[in-house]
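Lettered A, B, C, D, E and F in written order, each chain numbered from 1.
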């Protein structure tokens, strides 16, 4: 009978706290979004499963010796190994051709970062409400959700506000998945049908050498002027150079496949382990979710408005829709631009033109993360 | 001349102890079994080579700073990273379709675990002989050999009896390779030719959604009732969900290939490093080998008998041979069932029917490991 | 305004030291050599990029918590994990067939190691010049450059002279890339046109079993007589056995592809992190570069002379050119032999014959590293 | 040892009981899942359609290089038959 | 909170200024690269040739197995037409 | 430095001697292996057979899609020749 008592005590049931049950439900919702709704499944499926595992009483996944504890410590806390390796992989999958062909697109990528800095201001304003007490560090980590870039958000949150990391990562990936729902109304509200119909000149061909020199130039400029941004920008450019150099195809291939896949799984599980009830079930999480939506919306609007300004002062036509791609969320935002463009003008294929601001937005938010790290870190 | 003395002293020859020579012979035998006899070569080849390396005087593979020391510490001792990642990979290679189509097969997977618990009793009985002094922890770690599942055995041994880990892992993989020799006589002794001829109804088609929900249901039930089993069952279900969800095929692909292959090499070398003469050349190792054979045999017999009972009380015919697949050893045990079935009835293909108890056996032994961990850990 | 000052202080510009700018130029030169000149790009591209990253003020790549610091510590300093895993991968890509068919080629691989030991003597001689103060450990680590084998050089340097590791690795890979320029003049100076025209008998077919037993025999002899060489030789033979055994093709495939590629990137970045200005911008680095060239040249000459001696005392013809392949630098040195041979005799294909001394040179320098480790380590 | 044996016997009983209890529970779980899937089949069909579309080249359509081969073959044949 | 708000406003201004400054700098960088590549195109062409040669099977050449298929097809056809 | 030079000279001598001794030993090892394999060739042949069977598609057999292409080509050709 004593063994049976031990056994009963060793089930979870007498140990569950209500918060853990709610968090397991959150994990299941993330799995549902990932599998059925296909919301960024590469990350949200592992995060959701990690959330399930970490909230089991007695299983010890997130205690010393546990698998998730180890992954979080080795890959995020001690060194931001996982987000940087993912960024390297994303760099190796990115083609900067469209941006090199039309470098002014960088201005759109810059404008869209207004979403980040405006949200930072908004997060401090939220402190006026009861229950919110964000430090400037917290506010910066939350605001980076507006960068629409998962590894950047995880990297910055791990440095500035580790206790908010779980909520920030979930918000970042969820809103990236919601780009097709969030962006179109804003894009349509800020443009006239005529503007949306504007066709753009075909991009010039970019030579192999330009593509090779580009990542080297980016890292050198970053090193000189924004060293705090070099971990992110450096690994991104390294991955891109592996791809574009053409001399290490076998390395580039591994970086784009087995390495990024392995790290994605580990990163997702590790992030999931931060979805404990104490950390997640707070009013601050609601604030983070709200601020994330605000950040995305402001970034989209700022990109579109910047594109309208550019169009006015440019000799060549610029369709203002492509400004929305400046938030990054590669390549989904560019596809949304293309879709909204086609609705206005069935002969207007904006995809390639939107790739320029799209990859510019990746650089822009990595730069913004570097600035925040330098100023409030 | 002094340099020559230093040189002579730096050869292994004046430092060899007899035990190390014997262990190197053991390593060579494992390589022979792996390469020539094709006994579970994926694990036994690295284990055999690790055994060679760890027994070299002065080479320091298993001392601080040595490669095998590092692999064992990082991947098994501090966190059971390697066995859990392998389990994830196995999960991603497992198709639960046959089990979902015929869930009663879980009873066969349950029955076969009798091999584990009976052997636990037998290990304590062995303490009556001189030279044996197994604790309840040791006995549990040995008994899990009867689960016919390598990563489960390594996981449990690393928690309950690390000093026996080498012998237990070698025994587990050796007996898994011997399944085609150990099982058929037992299967034939316990069944009549008529029983072995029984044909079974074709399995129903299992929908994609059932396959997706299944691993989630398994992990939730495990979390509620057997949290101690969640590391194994959780990573297994996670791997299976990566595969079945259909939305993260690139992750599933990496988990089934480069990740599991890399970890298999590391795990094998790390396990081999535990084959030192002090740990392995003991009378206890003989006991472990004997108990392992007993465990396999009892498990096989229990599975077959359970299948006979089921056949009696079932409206649909059940060929008792498929009970033998309940010990797991996927997919070898199922193939053995198919082969013995064909001998009795050349038109009787039992392979798909045996896959049900086969994968049920994997869950069964992971559950048994959880119970042992909860009760004696 | 204060924020602007913080911002200016947070750029690299007020913090740069001249040495860091020079080292960044060194990094760019390495990238140029790798990408445009295709000098061993698999290693020199990551090393060059690592050199860029590590010399950025304030970025902290090589400080506690930094990515490169972590990679160096985990993969080289605490355990020589990265060089050993690369050696395992190289082993899995090596075919010993040509050597087994003509085992006397091992004598050429032995002779070429004279480059290592003569350079060791030369390094101590250099101490006569002002500014040089090499210990015997330093001299040994430098001399191993003559082994023309990157992982071996990194392995030995990490043990004997970690502060010289960056310069030694860069020298080793640079000279390996320069083999087609360094070797031909030496080869031609030491041979007559008639000697270069010598055709060799076709090699016998080597059976699968010989190829399987060979790595096992090598590791056993190494274990007995040179345990200090077992980390390198052991992992090399393990990789080779994975390949030749034919029973673990999926492991061999991963070792030759995603695993070695991943580790190559990590190793390159980690080595690059040792290219700091304090460590690299010394007169000793110039000495290392000079000694490396000497080592390669002496090794080449010794191999050719040994081949001439063998040719005199052998019943079968031996083309002395193949002795040059004994320095290893697989497979470049063998290709150079083939090319120089074709210049003298357009019908003379020496590639297969040169593969024997070529792979013998890998074993030879690993053995030499073991001797140095045993005697001065 | 007697005490250990009692412990082991207890573990044998409790262990097998829990293994059976747990796997029987799982049988129930599978049946509930099957019932649920049978009750709401519509979404399933839709989902099956989307998830069953593989990225791999379809085997029923001829691939472009094969089409090129065919036309080349036909073309070559015509010339030889002239 | 007033102090925090001032800080946040300052960050908003400085941050956007630096982001724009940096990316404008990058526009200049890209134009310099493009000018450089236009000024020294010779090496580029040569390099393009070497780096553009992929290891993958060329799509314009018929692969050996396709050629075998074609000849088999033509051959088979002749026999049937006789 | 004189002492270091003596040490280095000694290392040079001992090192080369050991390298040669070890690799000569290896020559002997290879010859023993070759003799062993020659003495017991039967098992070798059997093993060669099993390990030499590759999993890769055989190049002598026409693959199904090629066969489909051929028949399509022949079929198309017949229609055009009518």
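Keep in mind that, in the parts below, a contact is a pair of C-beta atoms (placed from the backbone, for glycine too) under 8 Å apart; a residue touches a chain by one contact, two chains touch by 3 or more.
Everything numeric here is computed off the predicted structure, so don't read it as measured data.
Engineer: Would you identify the chain whose Cα-based centre sits farthest away from the centre of chain F?
Structural biologist: A
Engineer: Taking each chain's centre as the mean of its CA atoms, which one is most distant from chain E?
Structural biologist: Taking each chain's C-alpha mean as its centre, the farthest from chain E is B.
Engineer: Any idea how many Å lie between the Cα centroids of chain A and chain B?
Structural biologist: Roughly 41 Å, centre to centre.
Engineer: Return the distance between the CA-based centres of chain D and chain E, expressed in whole Å.
Structural biologist: Going by mean C-alpha positions, chain D sits 37 Å from chain E.
Engineer: As a quick test, compute the distance in whole Å between the mean CA positions of chain B and chain D.
Structural biologist: So the centre of chain B lies 23 Å away from the centre of chain D.
Engineer: Measure off the straight-line distance from the CA centroid of chain B to the CA centroid of chain F, and report it in whole Å.
Structural biologist: Result: the chain centres lie 33 Å from each other.
Engineer: Enumerate the residues of chain D that touch no fewer than two other chains.
Structural biologist: 11, 14, 18, 47, 66, 69-70, 73, 77
Engineer: Indicate the residues of chain A shared as contacts by at least two other chains.
Structural biologist: 3, 7, 225-226, 246-247, 257-258, 371, 375
Engineer: Going by the contact rule set out above, which residues of chain D touch chain B in the complex?
Structural biologist: Per the stated touch rule, the residues are 1, 4-5, 7-9, 11-12, 14-16, 18-20, 22-27, 29-31, 33-34, 36-37, 43-44, 47-48, 51-52, 55.
Engineer: In their complex, what parts of chain A are in touch with chain C?
Structural biologist: Answer in residue numbers: 78-81, 84, 212, 216, 219-220, 223-228, 230-231, 234-235, 238, 241-242, 245-248, 250-251, 253-255, 257-259, 371, 374-375.
Engineer: Provide the residue numbers of chain C that touch chain F in the complex, in ascending order.
Structural biologist: Residues in contact with chain F: 99-100, 103-104, 106-107, 109-110, 113-114, 116-118, 120-121, 123-125, 127-128, 136, 139-140, 207-210, 213-214, 217-218, 221, 225-226, 246-247, 249, 360, 363-364, 367-368, 371-372, 375-376.
Engineer: Okay, in this complex, where on chain C does chain A touch?
Structural biologist: Against chain A, chain C makes touches at 3, 6-7, 10-13, 24, 28, 31, 34-35, 38, 41-42, 45-46, 49, 52-53, 56-59, 61, 65-67, 69-70, 257-258, 261-262, 264-265.
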